[in-house]
Structure formats: structure tokens, C-alpha cells
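Letters A, B, C and D mark the chains as written, and numbering starts fresh at 1 in each.
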């Protein structure tokens, strides 16, 4: 054993605000000065002061977080882990309940649709993981609207067409996919399962659909690429442009080298949204009395979202796209476009496409759904002669059925992205769960195309959907107001409480 | 007793996967090789391996199913039933509850409307039967919409017209009916009652309305025809075109011989829909742990629907109608038309009519209701001079009140079909229940026509209904999303669970 | 004591189907032959066979019912009531509960709006009375819509107008009223209170509003007229035209003699609606097992409604109005008009007005609300130069607030009718309740007119209301379908029952 | 001690209707003759007859109420408080529950949005205070609509704009504000917290937003002005024009002297609305049996609202504005404008602006929301060339999120007012709570502007919001009707109670 190695005892002395060491992946770090800057609050770090924090650190910090946020000298070197006192972790009530739920999990075959995975995942995920995955911003109006919007689109199915064979394969930006559906980028995959995003890679490979690799993955980029099941497996890459352009440049070079086929630049997140469900559970996690004393800082704790996003550049604008094109030959697609005006601009710039998306309802609340935006985008592109296979339209948000995808295709999209349902699928069942989810979508796709009378995706024409109600937002969305508002009383029950 | 007869003991030896015999209607069958192909899964067959399966087989297999699916040599001949060990069937908890419910069934007179039969049937039907009858496809959005759509149509009643006598009789394709309502085709009638579809025949005969005989009946075609209460009783025939055209040809010849008056060709079911309620109960029925092992096959068990429909030809198209017309002189009506385009084409081809229908919400979810389609069909037919008594329009789906029928008549339909409510009526009360249901409709019909100011069906004109809201789908349908979505928390109740 | 008088003992012998006497108001009647014709079923009569039926008979039979339905010889003459055995009535559970509720009734001052009376009345009315008063036809869609429709009308209030004094008095057909609100006709007033309709007369007299006397009152016409609190008190008369025109002619003569000021001829009830809530409670009241045996007669028991309406002439038509005008000089208003076409015709005939009404949602379900019809009527009248003070428009149905009345006035009505709320008010608090209800309306009226910026009713102009949403029936009404429809299951809860 | 001083014993003798003294702030008053005129009813005064009423009097009577309503001679002079018997106040159940709730109050940091304050305040406010603050008029339809209306407006966010710095500061009537949000005037601030409106002043000062001082404050005008945290702190003044113009004139002079910067003249309250929740709790507070005897007076008790508003002049009209302008040089804004017609008139008169408002849903029910009125106002102003920075538009009602404010700004408003949420914030947490609420709004504002792509308020243009659904009132508002309406029964459950 090297003389340089720290011992657990040495580290353990630095267990307070004045001097705070933590061990992560066998290395000790002095985080004393970093404490007040920790986006998740200092309370959560102090819980591990002088101890091994690896298990808590791992799922919510993408690889490299520590290295990027701490000066080099704060890394104190390797620790002799045999000298570190093993905490005997007491199983929490939540852990026990989850263990029990896991035993009662329904067999995978009983998951008949994508909603089922959500219900099952709810029972086996830790509260913090569930909150991070399932939350939307503010009143979660947009999050729900994403799904609701599809409910305002109805089919006009044709009959007596030969649908003995049905073909739902297509190509995205020139790359084959067995479905007009791809796995979109979502962050912090290890919150749901130790294999994290690799579950998605494996299932996508087996079923021949395309995965979009996220910048904020829990697994490293290389781990995800290495998980490919075969050489031809196509992967796209979602990128947040870093304030430090050099970092982005390096990242993209690596992506190209590893055979990534397209870049999806996120443009709807100059700042991450306030996801209150996620924020509330943080208070539960850390002793919250302590925090109330820091009255001057509203945003001290914003949950996992804030913890991982501080590097995103809020100054990113159209001019930066010239730079971006100068450093990569990959096709560029803007992810998070929300108006026809910006779509037209992207097409005029010669980009390869846009994803009409509101970030799964996690950014601006009361942003419209991608599918609604699609309805305004297509006519404007056609009017300008910009609607062509060289500029593809993608939609994500709220897609839970193959029929949702088919609505988008009929309206003019090339493919749709699905995020959360696949996270839930592997949270509950690993890669097999994701694969089963994809198989369900294929089974639905085959049935739906037969019943619509469209043997191939090309046969899905605008006349097959009735979208007249799509932009009629006459229903009042359910906000917190519905929760706080009181029932009206009557003479027989003045307080309204009896009813 | 013939020497050829098998004994129960001999059959009983073949009680496993390696060699599996079952007895149905006194004959033994070797189903060993058929096991993996059984649409309902092999588990349910193995439950009866070596035993008499007649009671389980009968209600969910239309007559002839075994004969059509097994090679002749697999029929091993008659069994001496006196040598078959009588299983003493233990009454299940469900059976006990149903028996109890049957004793508490409300007197028939207390059923005041068609909804009442549904409520009562729910209490006396086995779970599997209820699931098969009551389920719709996917999120059951279309199933509910069928009823909801009528709720967006309002009356404009006229006053001071002599309505002392009211006449709601009419004729369908030239055949008299006491009501502008017929009994539409539904499958597996014995799930609800041992007499199956014959209950419908008897009640239709007594009340002089027309029954459409289903291809997938539990009773044989001849049994249903033989059940007529009088010679002039009119019956139509619903037909699925078989991949084997010879089978269809033979069937239609027989139908003509037995005096069937019209053919209703189902065109909305090239593949049967995924009815998840039906599928879920299958998992309950069979040991589901076993099934989870067959991960590679999403569709192994799709409930009763899949079990009975494998012969339907998905390649059926407009050209086949020429063949169909060449083999029968009966008037042909397309059942399951869902756009004005296809209706116009059917009229131009000289067919006798169409049923605007989405198969009771059991096929494509988010298909529009027949009544909504009617509103777009009539103007297009009129524009082309195709709206005439030679081409009749029928509507089914969601009709529960005479007022629903009257809305359709005023909008231009000749008659409407009712399915499930009559199934529920005989499930609870036999043929008398169906008759009572028809009487209720007549009582409602008389009242409504008086109150609308229309003494005959001809007096029902388009101006009597306000359909402006019919195609305004602004309400968000209730999908599984409503079930999985969580309440929002507050500072006083972070998880939202207290409310 | 006269020798002709019957004794209780003699009557008591006729206590069965073969010979059935009943005593009503001290006279014996032989109803043996009438039994099968009793609209309420024979069961309820047989309960009183050989006994004094006065208490049960009185509240649900308008004066003269027995006399009009039985041949003279069936009246057997007076009974010596001292010889009639006093039944010791056992107090039912319901009676006990009602007595208890009556003690806990909130002080009248705590009734702050018209809804309050409904809540209180619900607690003190017998189930049968509540069912008769509160029920609507079929799914009660129109009944609810009557109120909902006002919810789609919004105000455009004006500011900075001198509203120090507010005047909401008006005149109806030339007769002064302190409010643009009248008490409309409703039947069977004694179900709610022993003084029946006289409660309304007294309150109307005290507060100077106009009462419309119903044909089907529990009190006799003369009793209601005699109850006037002062000589100038105005009353109108609602009339059902009898199949026997001579009866109507006699009735109207009497009405003129007693100073009635106008006739309101009901035109929306050639047959009474099926009010299922009312019908269901009848089954509870009478032994229902007995009834199920009479399978052939769907309509045997239709609750109180059918019991009182058999004389109404369903052949009544526009021509009959000439006869009506020939026998009376009173102004004639049609009650129950539901389209602009019929309104225009009434105006062209020179009648004095119409009530746009659907009979409180008790007749044709899915008839539109009177207030919605008003919106289509006024422009059509104006277009034809028929909108003038000589032809007045009234609206009833769903009015619960002074603001509802003001909406109607602004849209062009002269006044609105209120029915059920006043019934509920006296059911709970007698005439004082009705008076309090009127005072509430006056207080609301004063406040609302101030806040709208309209010191007099003439200042209420169409621009003060936004009615654009009034005819947009996009919400799905709540029918029985909502009750029978099942929740969707999930993999974690296949039957959907856990949620 | 002066000989003139009254003793507690002397006062205590006048403890009944015949002679009733009360002590307020150490002075005795003879209120015997005033008893029947007390807007809150005499019961509540008699409870304190002969006693010190200061604690009960203070929070619901603005300073000077007693002096203005009693003749001078009824003030009997100072009382030697040492001789007044100390009532040992028994803590009520409510007091105990509130004390308990206060201990469990969530730390301020856990309040993540403005709704949270409402939830917390509900737990720590007395029932009477809650009822006064939270109530709206009639069915509270407008109160809810104020919030719902924002739910019908959706964003059209732009991407790829440099939003690294965001500036949400603005100026109102020429005065700087750190937010386009001001604290609007609300009455009776001490009901929620002993410091009353001063909490608002302090927080507004700290965060540099503008407070509008209410006429009906619990604190005196001077107390509120004195509470300013710095000299440049801007305050506006909300004024009810008094029937006695001299009082108003004096008030405004004082306001000018103390540096108030603008006058907001309330024009939507010639009479205060009936807030039934507030009225119902009054009955609970005072013995209500007594009141029922005063049948002739519907409006005897109208809660806190009526108690404080009797001086407001209902004759106020446009002409009075000339007088108003003659007595002050302050800019005048009309508060409570609800149509474009009145807005145009105000602009043509040269006033400085209007607040489009319905008084928080506390006045005319079914008045439209301010934000809906804004949508009709802006085009009409533009059409007439009246839309300019010299005439500013403000909106209040229902604003709970920064996004609500941004919607209004994009549509053409200068700023929006927030009332109740700030009351709730200080009721629960004092001035710190209000400051935290403002900080939350700033955090939301920064995030939203980034996500909308608008770095300054000027970048918020009409194209950024989709308001097409704003005036589509197709949803039926939830009135008392929803409470009183009954579920429909079925044959299996005739009363509908089992469901």
C-alpha cells in the first residue's frame, strides 16, 4: 500500500463545516470551500462529511461533475478503503416498502401499455427518483397538456384497403429505424436503475430503434456507446451548449469519433425550470429547519435539476449555430422549438430538422404541446416550399400510444420521441422492460395502421386525422388553484365541510 | 356400447404438455400439437388436459371452432362419458357472489332505462364475461365517445302539433320494423346466458324488430334461425369475410336458404382491437407467472377477442366486393364505415347502404363516433345526388335512449343498431329482459316524438336538432393518463397525499 | 245520524281486489272496477282497501280527481266517521328522521340564497315528495342544463353611473310587479306543506309579485284565489287544455270571474315526461314484487306525474287557439315554446307572449334551456318587426339568482319565472320562507343592478351580457353513462378497483 | 388620577340593551342608541356590553370608525383601566387548534409558490379572518374565473435569444418598480396579523415594489406611510369616494402631503357584494337564533364587508371626476373598469390609466376577469390612437405566478396587482413572508423570461401569447348548483346513494 494513501480515520476528522472531506469512488475531496456553492444545498453534503459518499453521489451526478467543479488541489488522492469504517446502513421505511413492492411486481407480460410501466415504477422507485423523473415545472400544466393534446385529435380511418402486411419502418435523418419512434434524451438514468441509460441502449439495439444519448446521463458517454448490441446500431447525441465552448467542442469531437449520427441541440433550456415536486422532496431529504435560516436565498435548493445544469449557456443564440456548424459535420437538429417562426428560420438556415418539444413539460409552464405546434408549423413550411425530406420534423412530449405517434406522422412529422415511459420501463424491469415497451408499441402500431387503413407510413395523410379541436384550449387546466380552492357552504352546512 | 369408444381412464392419461387430450361434447381430441397455437394460451387448455372441457369451451368458442382448427385425425372419436370421472366442481368465491347477486336482482319492472340492465348485468355476469362484453380498445376513449357524442346534440322541439297518435314504425332495406332500431351483431352470446343469441331472436320476434345474426355467435346459425317466433320474422346476417373465400361462400348460401334478408359486411376489423380489460382478466384466469417466461411474445394472450377471430381476412378490399356481389343476390351493406369518402364510394358502387360505426369502440381508439360521421356524410351524399331511399344509412355505438335514435333519424339515418344493452338485458333476465328493453325504447320513443312534435319518423327533420357542437372535441378524453397522473403537493402537504 | 250513512264496519268488509271500498273526505267510494286503471298502480289503493285513505290521497290528487274519474254511482255516500276504526299509524323511520331534521332546521335568516332552501327542503321532505319535486326526465340533462346555461353568460358591467336609487319594478302583460320575476305554476303543492300553493299566494301578495296558479294544484282554484292578501294582488292562470273542451271552458270562465289576469297555456306537455327518480321511489313505496308479474305493461307505474295528467289533450294544435280566443278575453301566452319559429308564429297570431321553457327539465330531455332559446328568438322577432311590448317574452328554468333574471332581461325578456325554489322555501319554512326567498332576490337585484351600472331595468341592454358561449354545448352532459362506466385498470391493479 | 375618569364598575352597570356602554382604547362609549344601526348586528356588541371591547373591535374597524359613526356626546371619556375587571379569556377550541398549527408551520423556504401561502394561512387564520379574506360574492364564480382565465392563455416562446441577463424592472405612472407587479389595496389587514398593512409596506420597501394603500386599512394611513423602509419608497393610494366629499378632500390632501404618488379611485363598488362565506360565519359567531326573529330584514348581517363600507357613495359618476381633478394634482387611475367602452372614455378624459379588475371576485359575480377585458381593451384603444404610455393599463385578479403577469404584459398591460396572496403571506409569516413571496415572483420572472426568450419586458409582444380561447366560456362554472344537485339512481341503487 502506497504511503500517500489517506486513511479512513484521517478523513473522518474532517466531518464539519469548518473542514469537510468526502470520499467518492475511493478518492478524498476537500469540499469545505465548495459547501456554500453546492446547488443541492450544503446540508446534504454535511450528512456525508468525513465519510464515503459514493452511493449518494453517483446517481445524481453525471460523470465528471466533481472534477469539473473543484480545483485540482482539492482532490486529496486515494483513500485506503479498507480503513474506512463501514457504515451499517439502516434500511429506511421507504427502502423496506420498495423491497416489498419489488417482490409483488406484476410479471412483465402483464404490462399491456406504456402507462403500466409508470404505475409499476411508482411503486419501486425511491421518492427522490420518482420526483425527479415525474415532475414538471410550476403547476405541471404543460406536462399534462402534452398528453391531453393528443386527446383532441381524432382519426378518420379508411376501410377496405389491403392491410395484410403492414410496414412501420422508416428512416430518421437517413438512418433506418424499425419504428417512427426514437428514445429521447433524459437525465440521471441511474436514479431508476443501476445500469442507467445502458438499459436503453441495449433495448434500442435489440429492437432496432434509435437512442438519443443525453449530455446529462448518469452513465458516461463511452459507457453508453459501448453498450451497443451491434455495430450498425444508430445513436444520436443530445447536447447542451456549454458556456465553455471548448468543452462542447471536445465533446462533439468524441461523439463523432464514436459514430454518433446526429446532434440534437437543446434550445429550450437556457435555464432549467422550477420543478416543485422535485424541490419539495429535497426539503424532506435534508433537515429543512436549517435551511429556513437562509432567508435571503429563495433558490438555494432546486432539486436535482439545478444540481446538474449550472454550466448551460443562457446566452446561446442563432449566431452560435454558425460556430457549431464549423466544428462538426454531423447533421444538426434543434430540440425544443415551439413556434413556426423559429422552425422556418431553422429550415432557412439549412439545418437538418427540429424537435417540436417543450422538454416534457419541465421548462416553461403553459408552453403549448409539440403536437399542437406541429399543426401550425407544417402549413407555414409548405407555404414557403420548405417542407421536404431534407428538413425533418420531430415531436416529443406526452406520447404513450402508437396512435399518438401515428397522429404526428399523419400531420407531417417524421418520427416522435419517447422519454419517461422508457425510464419507467427499465426502472421496473431493466432493459427487458424497455424492450417489452417497444414491442407493445409495435403491436399497437400494426393494429392501428390496419385499422386506419394505412399499410405504410406514407399512406398516413393529413385527411386521416381531425385536428380541428387541437388549438381550442377551452378547458381550464388543473393548477394548484384547484387544490387550494374551497367548497362552497350552504345554510345546512355553513363551512362546506360535510359534503 | 361400441368397442371404438374411448374410456375416461384412457383419456385421463394424456394430461400433460407431452400428450394432451381433451373431451368436448363427448368426443376426445388430441390437442398436443395445437397447444402452442392456441390464441388463448396453452395454460388454459392444460387446465383441462385429460378431462372434459365442454363447459369451459362452449361459451367462448363459436360452433365449429375445434373442427376448423384441428386436422381431422386429431379427433379421436366418442368417449364413454359414464367412465369419465365427474369433477366435483368447487364453487368459486365469484360463483357464490354471483348466485347471491342473482337472488337480489331487482324485478324486471324496476329497469326503467337501458342503463339499468348494464348495472344489473354487472352483478350477475362472471368477470370474464363482463370483461369481454364491456371492454373497448386501448383507453376506451372511442367507446365512451360513442355515448358522449349524443350528448353534444340538442333538440329543437316544435309545439302545437297533433300528436295524439304517434307512429315509429319504419322499414329497413324494405323490411318492416316496429322501431327504427335493430339488434346489431355481437359475439359470444353464451357468455351471458345459456340460451345465447336465441334470447335476442325471441325478443325481436315478439316485438317485431330486426335482429342481425353475428358470424361469431355462440349459438349456431341454424339455432338462431330456428328460434324465430313467427315466419315473417326478419333477420339480417353480419359476415366477416374469411381468408378462405369458399367458407364465406358456403355460409352465405346457407344464409340465403334460411331466409336471411340482407348481408352486413364488417369492414372495420381487418384485425381485432386490443381490449385491455379483456386481456387483463385473462392473466387473472390463468396462472400468470408461467406466462411471464415467454417474454418474446407480447401478444400471446389477447383475451376472448383474439381467440375467435384468426380467420378474418386483412387483405379484404373494394375489389372483393365484386366477387361478393357475384355470389349472392342479397342486398349488401358495409358495416364499420367511418368517413364520407368511403360512404360515397359505397353508394357509387350501388351497395344498399352503410353502417356508420366504430365497432362499439372495440377497434381503433380515437375513431370518431358513428353519429359524428353521419353529420359529415349526409351533406356529401346530398351534394352528389346520392342521398336516397335506395342507399340507407345506419348508425350504431353508444345508443341508450330512444332520443339517441331520434337524433340519428333527424340527421338522416334510417335506423340505428343497439348491441351491448340487449346483451346485458338477457344476461340478467333472459329473453324477457330484451323484450322489456325494447318496450322501454318504445315507451321513450312515443313520449319523445310527442314532445318533439313529430308524429311520424318522416316529421323528424334536420332543423329539429342542433348539432353544432358535435364535432367540437374540446373536452379532454379520460385516458389512463388520468389514472397515473399525480396530485400536486403544497408546502403544507409536500406529497399531495393528504388531500 | 242519518240512516243512509255507511258505517266503518260495512266499508271494512270491502278490503280486497274482488270488492274494494275506500273512504276519502268522509265519503265511501267503490273503486273495484277502477283498480286496474289507477295510474299509480292498484297496489297503492289496495293498501287502503276498506279504510280511510284521505291522508294518502290528498297531497297527490288535485281537487276533483276522484269525482272526474269515477262514475257517479260509485260514490256510495257519507260514512259515519265515528265508526271508522282509527289506525294507529306507526311512525316510519323516515318520519322520525324528518321530525329530527325539522328540529335542527337552520333559522330562516341563515338562508342566504335560493340554493339554501333546496338543501334544507331535502332534509324535511318525504322521499316521495322530494322525488316528485326534484326530478327531471330521463337523464335529467335538460334539468341541469337549465342552470348551467346561465353559467355561460357573463356580464359587461358599466361604471360611474349614478346608482344611488335602483328600481327593479316592472309590469307583466300590463300588471305591476315589484320584481321582473313571477312565481310559475308547479303541481301538487301539498306534498311539501299542508297549506300547499296558498303559501305562494300569501308571499306573493306580501311582496307584490305575481303568482301563476297551476291547473294541477293540490289546493282548489278558489282556495288559492281566496288566499290573496289584498284586492289588487295579481294572479295569472296556467292551463292544460282538457280533451273535454267543455271542462276547460268552464274552468276559464271561473278564472275570469275570480279576476285572473292572463292565461298561460302549456304547450310542452302533450304527454308527461318519464321522471325516473319519481318512478323509482314508487317502486319503493309499493310492494314491487307484485308488479314484476305484470310484465306486459312497462308504464304501469310512472310516479305522481302520470297519476295526475291523463286528461291532457295530445291533439292540441295551433287551430285550437282560435277556439281558445273565442271563449275568453284574457290575454293568452303560450308556455313551453322552444324555437324561434314557434315564437314568430305566436307573435304573428297576435298572442300576448310566450314563455320560453322546457317545463323545468321535466319533459323532453336534451331540450335546450329557455335562456338559450331567448338568444335565438329576439333577433328573429326584431328582423320581422315583431319585437314589441305587445308581445312579451318570458323565460323559466334554472333561475336561482337575481343575476340570472338580469341576464334574461338584458337579452330581451320581460320577466322570468321561478318554480322549484319557492316550493322548497315553503316546504321548509311555509309562506315566510317564500317571502324570505323573494326578499333575497330583491337584495341581490339591488346589488347586481348597482354593480352592473343599470339603475332601472330599461338600462339593461344587450351589450351588458356576453352570450357568445351560450350555444356552445361542448361539455359532455353527465348522464347515467357516467354512473355505469367503469374505471380503467392497470397492471398494478387490473380491475381498477383499488383507486 | 383625574376625578373625571370613569371606573370599570360604573361602565359594567351598562351591560344591556336598555343601556349599553363599551370601552375601546381606554375610552367609554354609550352605544345604546346605535345598537340597531350596527351593520354587524347588535348581538356582537351586546356580547361586550359593560366591558372592554378593544380586542374584538380593532381588527375589523378601520381607524376612526367609532368617531365617525357616533355623536361626540356619546364618547364618555377615559376609563381608569386599572379598575376594569380583567376577563380571563378562555381559549376557544379554534384558538387552541390555531396555536397548534402555528407550531407546525412549514419553514418559509418551503413555500415555493404563492399558492403555498394560501394553504399555510388557512391553517393559522381565525375562521372569521379566513372567511373575510378568501370569500367572493355569490357563487364565487368570478373569483375562480379570475385565475381560470389565465389558464386559457398559452405561450409561444421564442428560442436562441441571448437571455444571459434578464431585466424585469419597469415604471408605473413614472415611478420605478423592480417588478411589473404591485401590491394592490385590500381591507382589514389586522385580521391576519397584528401589524396589518405595515407588513406590506416593509416588504415592498425592501424589494422595491409599489404598495397601494387602502382606504379601508386596519392601520391608519399615517402608520402605513411611516412604515416605509426608505425615503424613495413609492406608495399609491386607493380611494373610495365618500358621500361626504369633504372627508375625501381632506383625505386626499393628507395623502399628497405624505408623498403618495397616484390615486386609484375604486369604481366597481357603489355597493359591496354579498360574500356569503363571510356572512355564514357571522351567524356562527353571534347567537343566530336571536336574529331569526328579525324576519323583516334580510340584510341585517352581511359580515365584515358591510360593517365597513356604509359611507361609500353609490351616486358617484363621471361628472364627479371633474371635481376630483380640481382638488388634486395626483395622477388619477380608475380601479375596477370592466369594458373597453369605459376604458376609452377614461382615456379620452385624459386620466392616467385604468385597473381592469372585478375587485377580486368580491363584487358582481359573473363579471369577466380583468385579463379577458384587457384582450378587448387594447385593440379598441389602438384603433382610436389612445394606446400610449400616457395612459397605462393595469390588471388584477387571480394572479398567482409570474407567468400570469407576463401574459398580461405581453397583451399590453403595464403591470399587474396582487392582493390576497400577500395577505396570506404575512398572515402566516409577517413581513418576511411577503418579501419571500416577492422573491419567488422574481425567481419565476427570471426563469420565465429566459424560457420565453424575452430578456426585457419590452420584448414581450402579443405574438408570444395565444389568447384565442380566452373568451370562450364553454366550461360550466361550478356554482352552488353542483352542491345541491343529486346523483342519478339506477335499478340496482334507486336512490343513487351507494355510489
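Simple rule for what comes next: a residue touches a chain if its C-beta (ideal position, glycine included) is under 8 Å from a C-beta of that chain, and two chains touch if they have at least 3 such contacts.
Chain identities (UniProt): A, B, C, D = L-lactate dehydrogenase (cytochrome).
This is a predicted model, so every value here is computed, not measured.
Peer 1: Can you name the chain that lies farthest from subunit C, using the mean of each chain's Cα atoms as its centre?
Peer 2: Greatest centre separation from subunit C goes to chain A.
Peer 1: Can you check whether subunit C and subunit D touch via the same residue numbers (shared by over half) or via different ones?
Peer 2: different
Peer 1: When the C-alpha atoms of subunit B and subunit D are each averaged to a single point, how far apart are the two points in Å?
Peer 2: About 60 Å, centre to centre.
Peer 1: With chain centres defined as C-alpha means, what is the inter-centre distance between subunit B and subunit C in Å?
Peer 2: Centre separation, subunit B to subunit C: 42 Å.
Peer 1: Please output the residue numbers of subunit C that touch at least 2 other chains, ranges allowed.
Peer 2: Those would be 110, 112, 115, 119, 139, 276, 280, 283, 472, 474-475, 479-480, 483-484, 490-491, 494.
Peer 1: Please output the residues of subunit A touching subunit D within their complex, sorted ascending.
Peer 2: 138-139, 141, 267-271, 273-274, 276, 279-280, 283, 288-289, 291-292, 294-295, 298-301, 313-318, 320-321, 334, 336-339, 341-342, 363-368, 471-477, 479-481, 483-491, 494-496, 499
Peer 1: Would you tell me which residues of subunit D are touching subunit A in their complex?
Peer 2: 106-110, 112-113, 115, 118-119, 122, 127, 134, 139-140, 144, 147-148, 151-164, 276-277, 280-281, 283-284, 400-401, 403, 407, 432, 436, 439-440, 442-444, 446-448, 450-452, 466, 468-469, 472, 474-475, 479-480, 483-484
Peer 1: In their complex, what parts of subunit C are in touch with subunit A?
Peer 2: 106, 110-112, 115-116, 119-120, 123, 474, 490-494
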